[in-house]
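Report on the following structure.
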């Protein structure tokens, strides 16, 4: 679980509930929910690729579930592989490949062990990085689309409500309550956009950037191993990819 | 037919109809339709290239009709061509070209069979990719333009309605209904933008990205065949272009 | 004349006129016109380069007048030049240069005939392409600036109208008409932006993209002629630059 | 002085004054001026680099003062230098350097005379171009920031006015005038943004683009001189950097 | 401390306080503060990476605290290193490394002293630059996200207030004050966005650009030292990275 996503969701909803106070019930209206949420999901399904458009709930969960990304562990593994390859030859890594649970590193190293040309390995890994980014972007893209359509459908709902209300102004005392209901769709649109979709899309995008940085580190590491570079030099180069926190952690674990 | 586009259109319109309920009739107004839809089509025609601007309906249909894109099938074809070229020579592919229904692959392979320089083949195929992207972008661009003009013409209609209404406030009881009609153009503008144009433009753009990825795969495949690369290595490289789903499908079909 | 621009202008204005109906007269107000149109032209003149800022009318005309772009004709010319150069030598093209009315092709070919280094020719033609794009962008840029300032000056006019009206609310019956007049500037701003400037700027930009594509085709063609490439291969490469429609036209004219 | 900037400022302000008519006095309110203009200057100072943030007036003046950019003169100078260098050797240019008032050309040529490697000269000149662009962008950036904050502070002022007014609705007859004052901040924000900041920032940016184009011409010219290229060929290449107007002027002055 | 940030904050808040005058108390409302500020912090925590999202206060402080960036000092150091390396060999710099407090320069020079290949040094330093930019961007990004969510939560608060108010219009005299409170959340959202987040994010971004420019200068300097380039030539090249002010300062200090 991604703690900051969960805490953020909690805080944002607490702010709404406390802001509404005892009037919370007045903010709930099923037809408004239908027109805003279902309508904007409809719009999103028009825009989204087929394989993604029926899985919007899964897209939201992507922002809340947290994939394990341990850059320190990966650098250690690459370092130990580099040393082993130097001592016992590249071929000696074959036995270790099966135990790797990082598919990107596994595929790259297998290609290396198979004797593929380094330039080809780089090309394959770069295509894989591009595809990974595109895959991730598909999910955040769906949430961004939803997040931009939700306020639009909220406004559509409010406009429908206003037109219906203004057309039949026979009883002035009902203007207020009717207008209140008309405004609820705009409120729902803003909530969907600013709590459940846009921030989660941004979390996915930022996480993807970190993951791609890691894939870049792995690529450099594998190519360094293939070229038989000094493991210390490789380590120095790969440490540049670590965030300040991870760098400190790596160095303290190495000494410890 | 693109199921998610159709389902999305259905959902979005259901949301509107159910939201309006029995007041649906009050939302229909032909002059408002004229000012918003015809006006924004006019604006779009000013902006669009001549060969596209009279075909806005065709642009919408592009988002609903679904072109067959079978990456798995294409990879299989390329693999079998690579094997045949290795066994019987590049020239042996000539007989297979006529049966190909993918023009891009056909043109690229014919150039290969004709003995064109690999660097020239890459250049030609890259120009073709650029042109394909530009062609597709012309259609999504027209819808995006329309989608940004529709709300503007909706607002223009509402402003005209308000000015006319405010200028002749002799009977206060008619304010409501007149204002209701004035707002309908804004509603129409929002519907055109958020259901019929912007989401469809986005679908076209996302689909184009997938198709260009496929063209890139074909380009790499043809160049690999020309250079007489090992078909297994080519397969490994091209598999990197497949989405996770397609990759699984390809591997299971290969084994099966 | 660009038919789709003219038809679009007609449609958009028809929508406005029909939408206003018999109230058209109420939408015309000279001070509002002055504050919105003259004010935004003032803002545009601050922003625009000196040599463009007094020619905004010419910028609008650029979107309506249609330059002749005949890609098919150009490809035919290049093909015939390639054949002649192959048969009779590059120098034989000198006689044909004078008759060319395409300055870009003429300058490039003259440089070729003069024996300029191919890499230099490419460099010169690329600078010319950049400059052409910048020149065109100057005109569309002016219209885009105007189009973003017009609604702002419309809002400024409405705010001035509201402030003046609210400051002297002595007679409630005059509120309506005064507010109507205040809103007219916003209406004018929306009309200037969405009919006369932004769509025309977009047309210029899209046309420029097509023209640059053509210049790229000419560049490749000239370099191909200089390098003495087979005219058939050059033709194949240049055909990739044609749109699907032009490609069909070129092929049918060749056969015919 | 930049005539179009001055004329634009005049036109825009004339539009405001004529639009307001005899009510001009009602549009002037010192507290509103303070909250909008001083507040947004405050926001801009938070955002801007320290060395720029106290010089916002100077930034505005940059758009009104017009630096002399004479591309024709520069091309003539480069051409005469190229001829002299060819006749009398690169070293002969040393005497002419002191009289140059274009620092960029002077530094580049001095490096050339000093025998610096052409690749190094290009690198130095490209860094200088980047820095020049960054310097200019700092000033236009400050105006853009101010221009986006001014409407925000206008809205903040209006919100404060509305909250204060709505909280004490004891006398309905004062609503109008109070609301008029509340709206004045929004008006001021729009005026600051659309007359004094955003258009001037755009003028600076467009002028910078022209200047960078000129620096690029000078760079190509110097490198051509260093490599001992034929002055006629250099002239042909550099002419591609001239705008159509400047090109005509250059050619007529050469003949004359 | 960054003087312009502090002065800007002071000016902006003075504008608000003076604008509100004696009505300042009416602008303070704790539930509105909660819904807007806490709600938008919640949204920001959903969007932000985990290691940043609990440190929004630290992000704000980054814009106010001013890191020491002394380009002149760094250029002097690099020049003295270049001279020493030329006289006594690259290895002689080892003793000076410990005293350097610029980690980037220290790591780069150590790699140089260790005999690392120049191309590798460039690669490592470029990765470090990218990572530095990403790190800084994480902080400004968090503030930008917060700044775009705050007005949205302000609007959410206002919508909740309006819905609750309109639903219970039993006493017309309470409309004003209730609406005043509803508007306060929109006001808070605008204040958070336009004073505390967006301008500070921009300051961080602009400062990062200056710092990256400096890192680029250091990189060029180290590579120049490694290649044994003439210190005068290196100085000339690196001076191109200085701003006009710093250049003047550097030259006067050198002479002095």
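First chain written, first letter: the chains are A, B, C, D and E, and each begins at residue 1.
By our rule, contacts are C-beta pairs under 8 Å (C-beta built on N, C-alpha and C of every residue); 3 or more make two chains touch, one makes a residue touch a chain.
Here the structure is a predicted model, which means the values were calculated and not measured.
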{"item": "Chains touching both chain B and chain C, listed by label", "value": "none"}
{"item": "When chain D is superposed on chain E by its C-alpha atoms, the rotation angle in degrees, nearest 5", "value": "70"}
{"item": "Rounded Å distance, chain A centre to chain E centre (Cα mean)", "value": "25"}
{"item": "Centroid distance [mean C-alpha coordinates] between chain E and chain C, Å", "value": "40"}
{"item": "Pairwise touch network: line, ring, star, complete, or other", "value": "ring"}
{"item": "Starting from chain D, with chain E taken as the next chain, the full ring order", "value": "D, E, A, B, C"}
{"item": "Chain C contact footprint on chain D (complex, rising order)", "value": "2-5, 7-16, 18-21, 23, 26-27, 63, 66, 173, 175-177, 179-180, 183-184, 186-187, 190-191, 193-195, 198-200, 202-203, 206-207, 209-210, 213, 233, 236-237, 240-245"}
{"item": "Chain A-facing residues of chain E, complex", "value": "31-32, 34-36, 38-39, 41-51, 53-54, 111, 116, 120, 123-124, 127-128, 131, 134-135, 138, 141, 145, 149, 152-153, 155-157, 159-160, 162-169, 185"}
